[in-house]
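This is the structure, below, for whatever I ask next.
Order of writing sets the chain letters: A, B and C. Residues in each chain are counted from 1.
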Amino acid sequence: MSQFILEFIQQIINGLTLGSIYALIAIGYTMVYGIIGMINFAHGEIYMIGAYISIVVIAALAMIGITALPVVLLLTLLMTIIITSLYGWSVERIAYRPLRGRHRLVPLISAIGMSIFLQNYVQIAQGARDIAMQPLISGGWRFGDAGGFQIYVSYMQVIIALVTLAFMILLSLFILKSRVGKASRAVAQDREMANLLGIDTDQIISITFVIGAALAAVAGLLVGLYYGIVNAYIGFIVGLKAFTAAVLGGIGSIPGAMLGGVLLGLVESFSSAYLSTEYKDVVAFSVLILVLLFRPTGLMGKPEVEKV
Amino acid sequence: MIVRQQIIAALMAALVTLVLAIPIVGVHIISEPGVIALSWDGWKVMVAVVVVFIVQLLKSYFIKSAVIFNYKAKFAPGLLIEKNRKLIISLVILFAIVWPFYASRGDVDIVTLAFIYVMMGLGLNIVVGFAGLLDLGYVAFYAVGAYSYALLSQYFGISFWICLPISGAIAALFGYLLGFPVLRLRGDYLAIVTLGFGEIIRLLLNNMDSLTGGPDGIGNIAKPTLFGLQFERQSSDGGLTFHQFFGLPYSSGDKTIFLYLLALLLVLLSLLVINRLIRMPVGRAWEALREDEIACRSLGLNPMHIKLSAFTLGVSFAGFAGCFFAARQGFINPESFTFIESAIVLAIVVLGGMGSQLGIILAALAMTILPEIAREFDQYRMLLFGMVMVLMMIWRPQGLLPSQRHIIKIETS
Amino acid sequence: MTTNAVALLSVENVGMQFGGLTALEAVSFSLNEKKIVAVIGPNGAGKTTLFNCLSGFYQPTTGRVMLDGRAIDKLPSHEIARAGLVRTFQNIRLFKQMTVMENLLVAQFTRSDNRLWAGLLNNRHYREKEETVKREAIYWLERMELTPFANREAGNLAYGQQRRLEIARCMATAPRLLLLDEPAAGLNPNETVALCQLISDLRNDHGVTILLIEHDMSLVMEISEEILVLDRGRPIAWGVPAAIREDRAVISAYLGEECL
């Protein structure tokens, strides 16, 4: 095989890894949007907090002498999900629930405030500098050879893809099969009607935030393990990109968010490889603007009808 | 029992706080090469838990007193100000003109900076407060204004006074070009698109090194002159300087005061223009559009035109502010134009009471001056901004000082 | 259904579908100048949908709408309004936080002097225009007995006053054709009688043509010269009130509802 093809495949692999992360976070945006029609601007910060918490848990486990890798991973996953979800739940309770039924921009501004708050809260508590962590899992496979170029797939990349896939399947099953999942679809379709039918809409909305935060926590953990570097500002850009992914896939649609995440990951990986790394963010945001302009319903979203 | 329920709720909140705070506030991550460890910092957690417990317990009382506060804010000073409006405004302006001659240079400098935010707040208020269009990329137009002046001055030697309107116009042009396609988007999408646009502009400024100097920015930007008189010790172009012309001893404070007065002039001009605008048909249309777009359409108002006029005019103020900023600093780089700037200006508009100009002036002054007075407060500044934005949305989405509607008086006999 | 060369409004075969739901089907009629015509039909018959199609808020899936010989069905709603077709809404849509006076001023936006510099400099042409616009607003305040409330926020008016203001706001645009969506809904009997008078006065004094949706049959029978009956999106009758009263199809459509 020629070097060009190998490089191309390498970019696909990198793009899928990145895309998995975006997809995990994008689901939080899309589910919240689907159910209460607001952009949860603070969701990127939840992801950032998830990354911090995962490092704290790993460090804590190391300090009490738990080092067996599978145990560490499992416990970290569990603890990170629990605590980060609680963050997601609290944010909704404090900053959004009192604003139900107000003009659209009111909860959005509140969410922006929450985002600024959380970013600075973590920055004040943990300092502004990067926190670096030794990789727990290193190594990978190499394939092919052309002109000295080899495809490299790290174990971490495979883990990211597999974990993401597993959570996507879990989520889909949950939405399709469980009572709560069905109720949440009902609430997303018509909140008032669902309320009349005796569904506790507040509870469903809380659960939605918890699920979104849990998936963001998984993303935070995976990023912490993969890049090993975390700071208080990672939530902003990644959050914006995950939102782009949600819009690309069609906001409100869960499969759309998955698809959008993967696509955006690919776009980014290809644009940094073949265009320039500096412009990869420009490309991502241009995608956002172009999609909103030319297909605001995204790839899989349903059009919103204006009622007169 | 209500009291018992409140205590239980407060305990629950305290418990949640405990769980939330331990991993972020309670432990500090020590990351040195090769090691990662935690240091325990428990007392902050305890403080947080106790505070949350008490606040939660007394929440209902807080809300009650907040309501009383609203009532007073709305009526008592309103009446007083209304009666002596002209007099009060003249006195305030007079004070603002005289003040820098008696204040310290540092203070004058800070207030000058605050004036830049006042101008941006007033401009963004047209977009957000009057027209109801949430623009999260306002800083992009500030950057456009600043770089317009910096580049025009550097490459073509054009003076500040000529660049000022040009910067505003270029910002307005950018606003028009962006607004034309995106303003038909629904409110929250618009917010995100403008945010994306703001980031794109910043990234472009950062990466188009040959034009903008990239991350290093542009330095040695010419300062404004008074009818051609410079405020330096020695004129750079061989002409007279301010102190030479007036036969004064050279004082570096002159420049500071001049910049201050210039900023004050720009603020007053902005106020004048905006006050005309909101009394004009287009101003009424902005408000109408914010309230009910469908009703507007049913009356023959083209929503696109009206939004576009608000957006274009609103961002032109950022252009003016940017031009002045570049001139004042003498140096700009993309660092000054991050999303946080947009957030600060938005916070000013929100705190000032969307639509209220007096509120915006006060909010802008408070936001820039407070962190300077209390340096240690600076670290907590953004934290508080964020918190206050949330609280404002919960308690008073229309802001601290509700907008004073200018009522068109007609005889009701 | 009469067709006439000088019809102000002519609706040809208009249909509207929402996904699988047919809300309107093959609606045709035409309306001459200075007529008062009512659209009636049971709930969900598609009356409001018809208004939305005429006023450009929905694009009809089939058919044509002509205003004064000009096709308007593809025009955006604000251009239709500028062409002289304005409407009220079933659930009143005022600018609630603006004053009554301002509501009437906004309605005249298209007739104001909108040049930026003219307004900023407050020049003579601008001032004259503003004066005219204000006079017109004051005229409608008087006409609709809203003068005492001119400086109130529109949202604080009583229900009947809000309805009147919405009509006043339409009239301030100097329309040729006025569509009223259930103008008597929520009014008490006295107010309904006054509304009846108002509608015919508007026609007589201002030459405006009126198409209204109404459930109050006594009002419909009294003021309308012709009536269009819709049922499940289809036009089932068109004629003078006396004929509609006797129409079998209409009676069976309304069967079970007290109306006649």
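Following the convention adopted for this analysis, a contact is a pair of C-beta atoms (placed from the backbone, for glycine too) under 8 Å apart; a residue touches a chain by one contact, two chains touch by 3 or more.
Note that the structure is a prediction, hence the values are computed from the model and not measured.
Novice: If I count C-beta pairs in contact for every pair of chains, which pair wins?
Specialist: A-B
Novice: If we define chain centres by averaging CA atoms, which chain lands farthest from chain C? Would you check?
Specialist: Comparing chain centres, A lies farthest from chain C.
Novice: Averaging over Cα atoms per chain, report the distance between chain B and chain C in Å.
Specialist: The separation of the two C-alpha centroids amounts to 43 Å.
Novice: Find the geometric centre of each of chain A and chain C from their Cα atoms only, then give the gap between the two centres in Å, rounded to an integer.
Specialist: Chain centres of chain A and chain C, defined by C-alpha means, are spaced 49 Å apart.
Novice: Round to the nearest whole Å and give the separation of the Cα centres of chain A and chain B.
Specialist: About 31 Å separates the centre of chain A from that of chain B.
Novice: If you look at chain A, which of its residues touch at least two other chains?
Specialist: In chain A, the residues touching two or more other chains are 306, 308.
Novice: Which residues does chain B have that touch at least 2 chains other than itself?
Specialist: 294 - these are the residues of chain B that touch more than one other chain.
Novice: So which stretches of chain C touch two or more other chains?
Specialist: 57, 89
Novice: Which bits of chain C are touching chain B when the two form their complex?
Specialist: 55-57, 76-79, 81-82, 86-87, 89, 93-99, 101-102, 105-110, 112-114, 116, 119-120, 122, 130, 133-134, 138, 141, 147-148, 150-151, 169-170, 173
Novice: Residues of chain B touching chain C in their complex?
Specialist: 273, 276-277, 280-282, 284-285, 287-288, 291-292, 294-303, 405, 407-410, 412
Novice: Over in the complex, which chain A residues touch chain B? Could you list them?
Specialist: Contact set of chain A toward chain B: 38-39, 49, 52-53, 55-60, 62-63, 83, 86-87, 90, 94-95, 98-99, 102-110, 112-122, 124-127, 131-134, 236-237, 240, 243-244, 247, 276, 278-279, 281-282, 285-286, 288-289, 292-293, 296, 306, 308.
Novice: Write out the stretch or stretches of chain B touching chain A in their complex.
Specialist: Answer in residue numbers: 16, 19-20, 23-25, 27-29, 31, 33-34, 36-38, 44, 132, 134, 136, 181-182, 185-189, 191-193, 195-197, 199-200, 203-204, 206-207, 294, 339-340, 343, 346-347, 350, 379-380, 382-383, 385-390, 392-394, 397.
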